[in-house]
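What follows is a set of structures for review.
First chain A sits with chain B, and in the next complex the same chain sits with chain C.
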Partner chain A sequence: MTASSTTSATGIRHRRAPHWPRKIGRSLLILAAVIFLAVFLVLPLSVVFVEAFRQGMHAYLSTIKQPEALSAIRLTLLVAVIAVPLNIVFGIAAAWAMARFEFRGKALLGAFIDLPFSISPVISGLVYVLLFGAQGWFGPWLQAHHVKIIFAVPGLVLATIFITLPFIARELIPLMQAQGSDEEEAARVLGAGGWQMFFRVTLPNIRWALLYGVLLCNARAMGEFGAVSVVSGHIRGLTTTMPLEVEMRYNEYDYVGAFAVASLLALLALLTLAIKTLLEWRYGDEIAAHAPGGH
Partner chain B sequence: MRQVDTETTMTLELSHLSRRFTDFAALDDVSLSIAPGEFLALLGPSGSGKTTLLRILAGLDYPDSGSVDLDGQNFLAAPARERKIGLVFQHYALFRHLTVAENVAFGLRVRKRRLRPSKKAIAERVEQLLQRVQLDGFGHRYPTQLSGGQRQRVALARALAVEPSLLLLDEPFGALDAQVRLTLRRWLRELHEDLELTTIFVTHDQEEALELADRVAVMNRGRIEQVGTPEAIYQQPATPFVCEFIGKVNKLPLTLSGGRLGMGEWLLDGEPWNGEHAHAVAYVRPEHLALDVPETQPAWSARLRHVYLAGSVAHLELYVPSLDHTLEADIAGEDVAKLGLQPGAQLRVAPRSAVVFAMDKSGEDAAVQGRWVWQAKNAPHA
Partner chain C sequence: MRRRILPGFGLSLGYALAYLGLIVLLPLAALAWKASGIGLHGLIRLLSSPRTFAALKLSFVGATFAAVVNAFVGLLVAWVLVRYRFPGRRLFDALVDLPFALPTAVAGIALTALYAPNGWLGQWLVPHGIQIAYAPPGVILAMVFVGFPFVVRTLQPVLESLDRDVEEAAESLGASHPQTFFRVILPMLFPTLLTGFALALARAVGEYGSVIFIAGNIPMRSEIAPLLIVEKLEEFDYAGAAALGMVMLIASFVLLIVISLLQRWSRRWAEHTR
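Up next, the complex of A and B:
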């Protein structure tokens, strides 16, 4: 900016035309970024939709209407509906603890919150098998009481919660730390009770970060493959979520079916992205006002 | 036992408050009694414990030991929300997602249903308060759309909305620029006189404390060094810290020679310790230096090095060759011409008054053994 523009005496900015080597450099950089995005993001994503519709709309719809596909969609939504709210509660509680209190082992808690990011999802799934599987620590006891966790819906939910654990907390912690506790303290001195303080001051101040966290958490909860794959047991119509369904169909050479389900998953992801962008566009000013320092 | 008379029933009594954080004592055996309607300043450098004291009164922190009584009732037992306190934070802590009017109404809206005024009554009260802080018509704005001074007044209106019995202000002018600060300071003083509300404010700015407060408590390292009227704090500082922290001061090391304390040619009469202390330190305000001492009285001969004319006041820098010491003197700006003061002028200089502390040894870590407010007999005038 400073190099390519000058300020006249009247205070109006005049853009000076950049010298041609700089101009070329800029164009090349933009081109490189666009090509990279096209090759690595847009092309694969389009392939999903192209392949899904290869045999026409009719084949696409009939594939999706199969009971196995519907059951996978239902299961995916069920897992997300359970995992996301639990993570909202955990995320807010963890962020609150990290941002508002000093305690022994705080750094350790921070590291544990990040653990699911750094650990391979396969291991995350395996941990639950080792804990609750037939040969696991609690396996015999669970079997004796007829509780099924592994190769059943509870296992899928547990693995998904584990994988998506950091999303909301990580979104909230830096914001809450930057915002500080002044406003909450002001609310208390003005006579607000604990819940009044939370719902009238804390929650409104973190709502955008929380929403981002929820969107990201939700996207991951629906899309998780590795950990879920280990605990699922791939029982068609019972324990296969959409990502698992995609893989199974692909392995069975049912390409249209695989890509049809995949396209639904991709649509969900695009929808999430669209909502996020829409919110940013619609409430941009307000979001900026809530950012630390915008006070 | 404490006497409770009718006049001072709402006296706030702080006794032996201590608060330790992991590595330092924020409050160390602090006792203070605050009269109803009083405007008290807690003055001290950062880390002196003044904000901790304010937070304890507000119910945001608790002391490790000691007690606070209001009207004979244990004040600390009441949770923050029941103390009827108005607190203005250093950075105002306005609710950024609420409008100015909603901010001011907050304290009324969170009340239990049977204590909560009607919507109409709240709106009227908010309107009144905004008028009081000269912000009528700003109710629909958000805090981000206000200037620093306006935010501060919103914070004040919000604190006053709950009809507090005690108003606490944490560095109320700290975040404002000099011009706004001065205007708001006067305005706050007037407001206090109108409301007759017991007010405690924390500041590190001595000028602010001396100008505004009825009484000033000077704090240092978690202790109260001195409590008194601004005049007493300035004219009769109780400790070396107060001397050095409040105003400008010349610090002069004294030694005992021939039964008299003194420094170079300047010797003091009537030393009260009978030669018991070999070391002492005298603190002399710049305006308490006489510049034309007659030959009959002890004085240093000094050379005027610089004259800094700062509007109504002139700051003089004097060098005393026999001591190899530089002194600062303040005189009225118009006196510079009257006395014909030019850099290089030779003057006979001596303090008119000083506060002298007897020390157990020389050096920075010496302990105070006694205090003596010294006045020159038939003090010469500048």
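Up next, the complex of A and C:
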């Protein structure tokens, strides 16, 4: 990735004196960083799996096969399956408008897309309670028509969409801006229809960045806690996603159960990191230099 | 010119605006409207409550402290990952994103299992008078955890593209290694470091999931502002919850604006010294 420390930008190899203080300083810095990463990142990750298997494989499996755990897994998948595709469509639409056309208020639109990243998850859940809760704007109307959003699945989906809204758009906008529109314009000049151009030219050009965005969006959608916790009402078997199931078991002092469900989420995180690293390593150029933040 | 050739401007922009309006802007309008319902008098009463004040203070001061820690540690880790080669470097590099990928509730119970008085590390630390879990240091620890990747990931690309010639010039003019770092490299990195600091700070201020388990949530001592919002909601005090949410939102935006001004100033300063 970077030039090795003995080669300068001009390509001339510089002989560096084997300086003892410098070598010791370098080793100390590496040691400090590695110890920090081990204690700060590896240890919390290990504790999840060790605590989950504390009473053996059998206890682990039986706690995961409990009906509440299974329904939490199903609900988590359901919420992600609804929220992620909706944000894919939004991300592509927003990126197409922002990277291909000039219009007034473009910077403002970009700022609005980033907004969910700078809002506390609790507030992201709160705003939907204020809209759809019993005392909310639409609360009385919903109650009269027997529609439940808060303390029900639609609320979980809405809060998750809010939280994960920026991920895909943010990945696509800088890439499509960098790629430019020459190929798409050529396709149009050669007679391609709008959708034909999109599926044959645009989509293949952005597919790895899209996958990257979907990966991060999905990880957050499945792991979101704060926003979902506010709108869930914690009804066992009905409105508890996996992170909420972790919380409930933990608060009931069922530590093995809590860590067992947590270990599934930790596996999802590790899988996400592995695919992410693979994508960056294999298709780094096609994913674009993305600003970190919120990921 | 472009607009004539490429299709879908109206459709894509219209869809994006409608979606954004319904999902983000309408709910935020409800927040502002509900918050304004408590009135100036209610706002003063809310903010003068010692418990609310303590929670807001812990959220903002704790997050600032955590972001400062992250600026130092993040700089160290980014530096080591970019500049040095050692076994396992790629693995550690990939692991930096763990706090992004790991659900906050999982991080919360894992950190608690480590630092609780009977935990892996807690059982050694607590007898020596170092209490982390169920006290403010635990809140800050969780905030450092969630904010950690921001500083590293903002610094890495800048460190990689840093012009080595300037460093070599400094060294050939007789500057020592630490001198080169503090007088040449750090001023060039400073605006980027501030960006990472701001991102880590913004994340830590609103953080909920990873904090509430390790915090112990003792009112006036280790209770964060987002938890107070949840408690107000559970008491059906919608206006109070909305007002506190609005106060948090406005305070964090003011903070981010101040940081971006500071950044503009430091960038100009870095260009001057070059």
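Keep this in mind: the second predicted complex is superposed on the first by the 259 of 295 C-alpha atoms of A that agree within 3 Å, B and C clash if a C-alpha of one lies under 4 Å from a C-alpha of the other, contacts with A are read in each partner's own complex, and residues count from 1 in each chain.
In this section, contacts are C-beta pairs under 8 Å (C-beta built on N, C-alpha and C of every residue); 3 or more make two chains touch, one makes a residue touch a chain.
Keep in mind the model is a prediction, meaning the values are calculated, not measured.
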Next on the checklist: If we overlay the two complexes on their shared chain A, which of chain B and chain C does A:Val189 touch? Say first, second, both or neither.
Outcome noted: both
Next on the checklist: Taking the superposition on A as described, I'd like to know which of chain B and chain C A:Ala266 touches: first, second, both or neither.
Outcome noted: second
Next on the checklist: As a test of reading the superposition: which chain, chain B or chain C, is in touch with more residues of chain A?
Outcome noted: C
Checklist entry - Should A:Ala258 be classified as contacting the first partner (chain B), the second (chain C), both, or neither? => result second
Checklist entry - Which partner does A:Arg26 contact after superposing on A: first (chain B), second (chain C), both, neither? => result second
Next on the checklist: Tell me the contact category for A:Ala99 with respect to chain B and chain C: first, second, both or neither.
Outcome noted: neither
Next on the checklist: A:Arg200 in the overlay: touching chain B, chain C, both, or neither? Say first, second, both or neither.
Outcome noted: first
Checklist outcome for this item: chain A residues where the chain B and chain C footprints coincide 185, 188-189, 289, 294-295
Item to check | Interfacial residue positions of chain A with respect to chain B in the complex | outcome: 182-183, 185-193, 196, 200-201, 204-205, 289-290, 294-295
Next on the checklist: Which residues of chain B touch chain A once you look at their complex with the stated criterion?
Outcome noted: 58-60, 80-83, 85-87, 89, 91, 93-97, 106-107, 110-111, 142-144, 158-159, 161-162
Checklist entry - Along chain A, where are the residues that touch chain C in the complex? => result 1-5, 8-10, 14, 22, 25-26, 29-30, 32-34, 36-37, 40-45, 47-48, 51, 86, 89-90, 92-94, 96-97, 100-103, 109, 112-113, 115-123, 126-131, 133-137, 158, 161-162, 165, 181, 184-185, 188-189, 194, 197-198, 216, 219, 222-226, 229-230, 242-244, 246-247, 250, 255, 258-259, 262, 265-266, 269-270, 272-274, 276-277, 289, 291-295
Next on the checklist: Help me check something: in the complex, which residues belonging to chain C touch chain A?
Outcome noted: 2-3, 5-9, 11-13, 15-17, 19-20, 23-28, 30-31, 33-34, 73, 76-77, 79-86, 88, 92, 94-107, 109-111, 113-114, 120-121, 144-145, 148-150, 153-154, 157, 160, 163-165, 168, 177, 199, 202-203, 205-209, 213, 226-227, 229-230, 233, 236, 238, 241-242, 245, 248-249, 252-253, 256
